[in-house]
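Shared chain: chain A. Partners: chain B in the first complex, chain C in the second.
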Partner chain A sequence: MKLLWLQKITCNGNAHSFLNYPNLTEWMEDFEWVYHPLLPSTYSLKEIQSDIKECDILMIEGAIDREDSLFLELFYRYANEAKYILTLGTCATFGGIFAQAKDSIKGLHFDKENRLDEFGKFWQKSISLPGCPLQPQVLAGVLNAIKEGISIPLDKMHRPKYYYAYTVHNGCTRNEYFEYKIDEHRFGELEGCMFYEHGCQGTYTHNSCNKILWNSVNSKTRAGQPCMGCSEPNFPDDDLWRTKKNMGIPAKLPTGVPKRAYLSLAGVAKAFKIDRFYHPLMEDESE
Partner chain B sequence: MIDTSKKEQKRSLIINGALKLFATKGFYATTIPQIAKFIGMSSGNLYNYFSSKELLAQEILKYISAHLAKEIRKINDSSLSSQEKIKAIVKIYFNTAQSQPEMIDFFLRVYLSNREVFRKGCEGMICVNEFVTEIMIFFDEAVAKGELKNQDFFSAFGLFMGYLGGMVFLNGEEVLNKRLDEYIDDISTNIYNALKSD
Partner chain C sequence: MSRIRVDLIEKIEGVAEVKYHIKDNRVDFAQIAFFDSRYIENILTGRVPLDALAITPRVCGICGHAHLIATVRALESATGCRVSKKAQTIREITLSLELLQNHFKWFYLSIYPLILNGANRVDGALEPSRVISEAIALIAGQYPHNSYAIVGGISTDITPIDIFELKDRLKYITKLFNKYIIDTDISEFSRCDKLEMMLSKSGDLPLIMQKILNNGWQSLGQSYDRFIVFGDSGIFKKGKSVSTRYQEHLDMRYIEEFKTPNSEAISIKYRGKFYETGPLARAMIMKRSLVKEAHRRYKDSLYTRILARVCEMPLLIQYIYDLIDTIDYSQPSWIDYKEFKQSCSGVGAVEAARGSLIHKIDIKEGKIIEYKIITPTQWNLGNSNKSNPSTAQKALIGNRADAPLELIFKSFDVCSVCTVK
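== the complex of A and B ==
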């Protein structure tokens, strides 16, 4: 299976992240890099620019400037060839950080959450893989599925449901604090849920960070940092370490939860005073 | 087979009767036999519905909370501005205090005055949850629309509800110069001015 990895406006984060895929060496035996910016490839960038090489899967990393005719020409040539087009990371998918620089910079099929028609003829063969960066296991998993002919259910933004039907909240080790609405979190001192004060977007961010751990070890929320919603269309939001609230009520609620129901539930849950959650869990009870 | 609608009617009869007695005589001066006699029921039968006086008082609190919440929800669902909604909430509160004084009196003279009765079973805001939720929704939407100032919930809640409770209390003490409903305009304006965005 021949893979072509093209970069546009990017920090290289997705390319670097992929190098951390635990079984990269074995995995590469089944694929051929027509071109990859960091890994050994069959052709150089110059060669793929000068002539059309065969490719099965075209991967785009980075946001695309619509005024960059040189890149667009290259993209069209290979997009017409490829059986699948993968947008790697949030910039290629939704525009991300770089789209804030100028209006002509966007994701391939999206400008934040708005679907664009410019490359509409490629939409049916496109798969969106947002994340800042994209998790290596997600990319490897999708490529494996394509190679094996396994069907990949997609959501309406063409994200594979296997990975993006979940929220980052799913599997978060701080869920107990969320259940009982304990907004007592102190960085580095006390466990707790970061949804209430510290801007955690895990409850409405579609990704598998707490199911597939980063480097098989950890995730942001497990390590005590709020989820910044890096795989969401509107990433990056501003004021990432502070929860936006209206009169103390979180302005954005967990995906699909109606405000009235949430507030009723929160009112009941807050009535419990569960002592063990107000002290560091590692603290000796006799102290 | 038990007729649930009949059971529900009896329950409602007890709640309404007990509410009147609690609100006028106070929690401790009211006994279960008095409540039973007031509604024409035996004490033994009343205990089939509520196993203790404390439990009955807690159910009354939930009943009042749900009643006010239902009215405020209609205002929340309307297209009124936040300023108009404040006036509508004040109106409901004062009208209830005038037409069903026992409801607000129970709140002020039983719930707030006999906290020990509610400590076990009404922890935090469990028993007034429906009412508080509607006030939260009102505030949340008003701030999101930029009509009220963003601040701590309880700062705003205390200003709003403390003010209304205080006026109803003064009305009960018969020290006000005017009828309660004649204060609706001024008080609504004061609340709006205190909470509006800069």
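== the complex of A and C ==
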């Protein structure tokens, strides 16, 4: 399989993140980099720009400035050629951080959650892989599936369900504190959930961060950082370390959970004061 | 005979363009351009101060952790708060790991193929990088792009079992350093002051340093011999040195920024002069023996610059071992600062892999009104005019047109994405 990795307005984070894929060297045996920004490739960027090279999969990293006619021309040439187009990371998919600088900077098929028609003829062969950055296992897995001819179930934003049907909350080591509505959290501690006060978006962010651990060892929420929703269309929101509330209730509730259900469960949970959750994990459990 | 040659520089962080003005087969002038501005400073304006902790690591996919540390230092200097020794030590560990990782990647992805006629040894970058990323993630949650350093400390508590895992990885990284870079004990290598001794060992460092000598490139890429270091924590010392005259005092008010046509980057001077920042600058200021020896022979050439960067690796490894031993687990990981000041301003300086990185923040009524980022590549690879060229321009000018110009350029390690931040 011939892979072409093109970059536009990006931090290079997806390219570097991908280098952390375990067994990358073995994985690469079945693929050829027509061009990759860091790894040895068949052609130089200049050669890629000057005439069309064969490619099976076009990968875009970074947001696209619609005023950048040179890049758009390059994109069209290879998008017509490729069997699949992958948008790598949140910038290429939804616009991300850099889209906040200028109205003309957007994701390939989306401006935040709004579908754009501009490149509509490529929509059917496009796969969205948001994340800031993208987890290396996600990209390697999707490319493996394409190579093996296995069809990948996609959601309506064309995100592969194998990875994005989950939320970041799934598998978080702090989730008992969420389930039992323990709303006290202090930074610098092993205990507590950041959902109630500190802006954690894990319960409504579609990604596998706590299922496929980052760098095979950990995740941001396990390490006490609120999930900032970096794979969601509106990333980055404002005031990221504080939970927005209406009348004391978190303004955004877990995906698919109606407010009534949430409030009923919260009411029941709060009726009990379960001692264990108020004790440091490293102290003896009370009887 | 005059002509213009335009080189597109790739396999760096992003891309850059160098326009060579060639006269009588020599580089008469070289213009350096970077593209695709990302306006991070504007994006931060109007936001609440703490948002910077999530946004600035995303300036750069390879040195984002240095941006996070610069941000947290700027915020802490603005609001004024206490940070435990434990939290500071752990931040030093993850920052040092990032530097180490950057050094491996630069050596194998940018430099190695240029010296060895296009040969590749990608595993020398991939294997250490992955293990180092794991070591950072054990503490910081993930790498790249975490925000675990927060105002008042770090986001979670750390237990000895996390550090045991980290230490085992550090042992493995030490082995990889010996396997790939140079096969000698790290403390022996840190004390080494003879180039011949380094060259007599096996490993890719002696291999490429010997190749540079065989090619007769060892004196290429000399510039002003002026060095500057702003970050003063860890194994680095703050100050500037001009032909062995060292001065510790630096004043950020003397930093001038200017923009040049044809490039989206902003160049930097200190008191009207260009300086080199990065591993060579750090080694010159700290008077590291092996680097001083190379400098005595070849001055601030690409040879000395490459050697200086690799010589930092064993120092960083040893530094992380030493830091691990000083962690006092009974100290708090985070100290509550109650409330962030509504109006204040602060500065954070840090030594990133490529050199001094400075963040400045101005806050009014609880919102960022100005955020300024000054990156190492702006110091080293500015674009100026022929009568007063930047550090990298000076290193390129005067060379024959068939000299290894790309290697001279990349010896500074170019972070294009940081430059058009």
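In this text, the second predicted complex is superposed on the first by the 282 of 287 C-alpha atoms of A that agree within 3 Å, B and C clash if a C-alpha of one lies under 4 Å from a C-alpha of the other, contacts with A are read in each partner's own complex, and residues count from 1 in each chain.
In this section, a residue touches a chain if its C-beta (ideal position, glycine included) is under 8 Å from a C-beta of that chain, and two chains touch if they have at least 3 such contacts.
Quick caveat, the model's predicted, so the values are computed rather than measured.
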item: First (chain B), second (chain C), both or neither touched by A:Gly256; value: neither
item: Touched partner set for A:Pro37, first chain B, second chain C, both or neither; value: second
item: Which partner, chain B or chain C, touches more chain A residues; value: C
item: Touching partner for A:Val268 - first (chain B), second (chain C), both, neither; value: first
item: First, second, both or neither for A:Gly149, with chain B first and chain C second; value: neither
item: Overlap of the chain B and chain C footprints on chain A, listed as residue numbers; value: none
item: List of chain A residues in touch with chain B within their complex; value: 245-249, 251, 259-260, 263-264, 267-268, 270-273
item: Residues of chain B touching chain A in the complex; value: 123-126, 129-130, 132-133, 136-137, 139-144, 148, 150-154, 156
item: Touching residues on chain A, where the partner in the complex is chain C; value: 7-17, 19-22, 24-25, 37-40, 44-46, 65, 97-98, 100-102, 132-133, 186-190, 209, 214-225, 228, 230, 236, 238-242, 282
item: In the complex, chain C residues that touch chain A; value: 8, 10-11, 13-15, 36-40, 42-43, 47-48, 50-51, 53-55, 58-62, 64, 87, 105, 109, 113, 120, 122-123, 125-126, 129-130, 133-134, 136-148, 150, 152-157, 159, 165, 332-336, 417
